[in-house]
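Across the two complexes that follow, chain A remains constant while its partner is chain B and subsequently chain C.
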Partner chain A sequence: MTPTIAILLIITFVLSTVGLLLLIWSIANNQFSHGQEAARSIFSPGEEGHSEDPARPADPSFTGENTAQAAAINARWTADQSSRTAVLTWLSSSIFWLVLGSFFGLVSSIKMHLPEFLAASEFLTFGRIRPAHLNAVTYGWASMAGIGVALFLIPRLFKTSLAGGKYAVFGAVIWNIGLILGLTAIIIGLSDGKEWLEFPWQIDILFVVGGGLCAIPLLLTAANRQVEHLYVSSWYLMAALVWFPILFLIANLPFTFPGASGATVNWWFAHNVLGLWVTPIGIGIAYYMIPKILGRPIISYQLSLIGFWSLALFYSQVGIHHIIGGPIPTWLVTLSIVHSVMMSIPVITVAINHHGTMMGNFGRLKDSPTLRFVWIGALMYTVASLQGSMEALRSVNVITHFTHYTIAHAHLGMYAFLSFILFGAIYFIMPRLTNWEWPWRGLISLHFWLVSVGIVIYVVSLSIAGWKQGVALLDAAMPFMDIVRMTMPALQARTVGGALMTLGHLVFAFHFVAMLMRRGIGNQQPTLFRPAIKEFTQ
Partner chain B sequence: MNQHDHRAQNREAAEPEEGNRAAPKIVFVWIAILIVWGVGYYAWQIGKPLLGGDSRTPVATAYQESKPVKSSSAENAVESTDAEISDPEVSNTASSQGSVPNSRTASVEPNGAAIFSAQCSACHQATGLGIPGAFPPLAGSEWMLADAAVPVAIVHDGLQGKIEVAGNQFQGIMPRFGGQLSDAELAAVLSYARSQWGNDASAISSGAVTEHRERFGDRKEWSAEELTKVFGKP
Partner chain C sequence: MKGALAIMVGAALILLLAMLTLVVMPYLQMSAEQVPPDLKPYTETQQRGRQLYIANGCIYCHSQQPRDPGFASGDRDRGWGRPSVPGDYAYDQPHLLGTMRTGPDLFNVGARLPSIDWQLLHLYNPRAVYQDSIMPSYTFLFRHVDEAEAGDKVVYLQAAFGPESGQIVATDDALALAEYLLALDHTYPAPTLPKADNPKE
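Let's turn to the complex of A and B:
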């Protein structure tokens, strides 16, 4: 091993490890303790121990008689009102892209087992429609919904109004223009040709500007904060909003990374979109929603610290495990494999924190749509991430690489984890912004079951078929067409799952529009999975 | 502001916060295990080839194993494997090239089945049936079963353009293998293909390949018409 390479390798790993050990040392020595008193100050007086969703309109302690309680309610009200226009703009756009992106996905899926489907049109060939799906759901749905929820949460977390909300609205307009131009470019065949980076770089400038316009209100709001202690959700959300623009800008620099270094930067970016953009957003939201709905604190501040910093320290090197076996230095791949496995540290700490907080409250999943979506999302984060660490190992990767198994894994992360958490968050946010309850309980149930059954069919069928495909591909004596034929049932099952999810999105979008237009009977009670009356008879 | 206006904000719990429970010991134990494992994994990689590859070269390995071990050729094979691994370009294509020695004067009897698996089966398939519409079959192919000169010409110099094989039309490019495989290897793989999947044409000697090269020299790809003109209809 040449000295330079050894030194590079050692520095990256040692820096991250030393950082983590320093953090643990600080925790052990109480450097970070914010103390019981500081913690309590986050709770406004008299609020602790109450829970959100089963409605308690008749609860006498919450009529706003107590001045401190009234102030807390007022603070929330002010925070929500200040972010209202910006959040609604980002969320409405995201739902439009979700529906459109689902149809792109469905068409790609059908083409996998019916290659003649829509084959007459060059604009709808697989090579164009599949990147259109990826970009529409990543930058349209996940990113826009994520930014929307972040815009809602940050004023609440900082107990202040969103400053400069109009910049965020303007940012949404530019971002949407970017998506329209970018997707059109892909469909007419003008693509940068790198996965996750297909939008031509000239159009990427719009996303940088749109995202930058969102950073202004968030920074102003952070500067204006009324809290001493930053809750864990704010770390994740603020970090995500800092990391993503840097990643996106570097990866899209034109003419900078030719050849194999281009592939390296490509996958460095593509995996960091997952780990340093949508993951912190998803975890940050779950860290807010779970204790919020349950009305009890997240169990451990220490775990929050370890979870956040180990993600920040180890994630950036992970992406190269996508090109194991590629024409890049082996030490780079090895580094990435070690860091991928190190990712089990943040995953396990976050899992203990989330699921430990849930412990003893699983009954609440029967009622609260927000909690059910968010907790399933948090659980799937644990599953998908541990699965991802395994897939990075050379011995497993030799089977799963270039198979449908990877596709199942990607959807487990982006959909069952992130999208479920976003669904849950939107169910929570909308009543607070529109001052209206979700019109129909049945539609929430329908949405939940359609997308849940859909994603289960999708992930299970592709995981099994992908693994068998991977084993078969290593057998040089097996004709390629036999392997393709073997995966056909799974590809058809994928279309069924995808169709159910798309249907669920249509239901969700319809319900969202109905909510915006204030349809329905105008409930005074929150819309839960079961009629609220049952709550009182229990 | 009336009560009604705040009802959603009103009914929810406080802003969330963190408890003070200590992190479980198991987390620290796991971190320690991973750090030890990580350092160990790096250490285990020391001395492995630095550039490219994940040792996914089963075809090359299979070929080497199937080779009869004779001292001169074993050395030759080891050398060529080393060259492959230290050269990124070659190792990149290791799975398709195999470790078939380049020398035209290989002293051992080459293994036709292994060469077929490494060089031919990606297109013509292990079954010899090809892929309908894309790659012609070798099983029952009139060109393969014709006089030895025809398959030797196709594999040695390549083939381009329209061709009818076993009643189906194909249009594609068959690359030349003349520079890549020795005469003995070409003869071995052709003999193999002529005796498999129900084919039962005569074996081809390496002398036939040498003769072909002497007659035509280095020429461009054949077309189906030229083949018919020079060698007669198969």
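Let's turn to the complex of A and C:
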């Protein structure tokens, strides 16, 4: 134990020294000075103060007040079109997996209170459908939609056309093949057996290759960039695209980590999928969408950079809070708990920026579908993250560990935060890529209310039941079967919530396909020429 | 490009640091842990049963890691056994620690419920044992035959849960899974466990 503590002390010392030197260097080199200028880099000249929200019925887009400004808007339209094939490929695939994954989830939920439901077939047993749900929504929906949105934002953030888009399309094909093979493997019983890593490692290679192929357009486009400042969204997106392949490769190394050390690697990875993959994507998108729709820059650019680096530092070490009380060294658990609590720093800095920028503009939530989805997602990021920091504390974890409370928390993060932001982003992106209006605005509202009511029922019922379950499990006076009976109403409520969410996804998918098939009203010209008469067609 | 590269390299370096603390150091420390002398490696049948445990996702409802009674006394009081230590998992590849207790912890299920007949009956239909159990039945691990042949393992069912005619016999898969469950017995003393942690007894 002593050498371990010595190493930890040395690392801490080196780290603080490096941090101090970095700070001195930043101040000496004026790294903090061009803050608000960088925050404005997402607007084209003269655009600040004008909203951009293609999913919104009224409110014509800013088209520039003089030739130079109009040319900048036109250049952005060209940049949007350059990513079209790649983005549409990733997004369409993601929506397919969302619908399939939702049905896996719904069936798993029903099985929890009706255990004989579809139990006769080994291919449909709970223990196979549940991991199929997790993998389909994580690697199918969230990851593919996240990459799709990132591919759309990269040319916009760098103010140039997407270079090497065909590599991303090829990457999507490989990624989809990986999903088909991986999910099939789980269903026929060839799981690797570790949560979040169920796909057999041979198939995982496809994801590393598919994801790596997306790095090519990222690097090529970054090399061509026309902006001086890298806006904070691009920091998050670039980091996420670096982190995920490394993580996924290490965690899937076969025959390397046996027994209890396998568990630490497993959870180091699983939480990093959230912390270093989907979270930076979600935050990065929100950092773009909120100021863009409001037409005002984020309130503190410096704070956003502190948020970024502290997220990188703290989030990468929280994973072991999933094994508190488990058969692993205590220092390791403590390290992760400390980092989990420290996560409140990036969370609060991001919250100040996201919600502070919203201040005084909450009325816009009524008419902007994108803003409503994205801001609620950002709010749920704050809530879910602070809840997560609390859950890592030993005194809370002893109750919530091993219960449905954790499941509710996971859905608050992956769904109410991430998926909401992705929904909002897709509503923003599609009209820009297809030059077409969303055919039925009522369907956007329907989608919003179905998934919102669904996730509220889901999280509230499971949180309450999970907490009661956790308290009861600690007290052996309550027989185990009584606990099972006690959680039953919440398990049924989850099926109701899950069914509403699934229904919402069907509405969303239908609308998306209708958009692709060009139903409804077209927008024949580039957006910048959108005729004012559009306002009256609704 | 310089700025973009700096961010990506910085991000990768931070991840490497996390890998050092959360992957490499625990691995070095835990692989040096003593393997309890009484821990037996899995037999071939048990290992096959373990694969069935993985394939059918038992881990999504059952943990295999009783916690220290000083931390969570319920684990001991429910009879799930002493706190587990890294050495207990020396032969586990992959680990099956689990994160849910929709069902009870199984680290010592073999000691708690040592009858193979009970295990098979419970796998065939959990509700034959616990009326309100929400565990799925694993009927696909069993065969329905008119008359059991010599060497077949018959599942003894109450009339209400059995077929109208004929008998239910366990497949090799069901037997292997039951054998694995019976092998989950870690009641031997763990040499690396800190002493004097049971003040109540």
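In the analysis below, the second predicted complex is superposed on the first by the 474 of 538 C-alpha atoms of A that agree within 3 Å, B and C clash if a C-alpha of one lies under 4 Å from a C-alpha of the other, contacts with A are read in each partner's own complex, and residues count from 1 in each chain.
The working rule: contacts are C-beta pairs under 8 Å (C-beta built on N, C-alpha and C of every residue); 3 or more make two chains touch, one makes a residue touch a chain.
None of the values given here were measured: they were computed from a predicted structure.
By the touch criterion defined above, A:I293 lies against chain B but remains apart from chain C after alignment on the C-alpha atoms of chain A. In the superposed model, A:F480 makes contact with both chain B and chain C. By the touch criterion defined above, A:L230 lies against chain C but remains apart from chain B after alignment on the C-alpha atoms of chain A. Touch criterion met: A:G259 reaches chain C, while chain B stays clear of it. In the superposition on chain A, contact of A:T4 is made with chain C only, not with chain B.
Touch criterion met: A:V338 reaches chain B, while chain C stays clear of it. In the superposed model, A:T67 lies in contact with neither chain B nor chain C.
Look at A:V242: by the touch rule set out above, it reaches chain C but stays clear of chain B.
Within chain A, the residues touched by chain B in the first complex and by chain C in the second are 325-329, 394, 398, 474, 476, 480-481. Across the complex, chain C meets chain A through its residues 1, 3-4, 7-8, 10-12, 14-15, 17-23, 25-27, 29-31, 33, 52, 54-61, 63, 65, 67-68, 71-74, 77-78, 83-86, 88-102, 104, 126-127, 130, 132-141. Residues 4, 7-8, 11, 15, 111-113, 115-116, 119-122, 125-128, 130-131, 189-195, 222-223, 225, 230, 234-235, 238-239, 242-243, 246-247, 250, 255, 257-266, 268, 272, 276, 309, 312-313, 316-317, 319-320, 322-323, 325-329, 332, 335-336, 394, 398, 401-404, 406-407, 473-476, 480-481, 484-485, 488, 491 of chain A are the ones touching chain C in the complex.
Residues of chain B that touch chain A in their complex: 1, 3-24, 27-28, 30-31, 34-35, 37-38, 41-42, 45-56, 58-59, 62, 88-89, 91-92, 117, 121, 125-127, 129, 131. In the complex of the two chains, the chain A residues touching chain B come out as 1-2, 5, 9, 13, 17, 20, 24, 27, 33, 36, 39-40, 42-44, 47-48, 50-52, 55-57, 59, 62-64, 72-74, 76-77, 80, 156-157, 159, 231-233, 287-288, 290-295, 297-304, 306, 324-331, 333-334, 337-338, 341-342, 344-345, 348-349, 352, 394, 397-398, 431-432, 435, 437, 474, 476-481, 524, 526.
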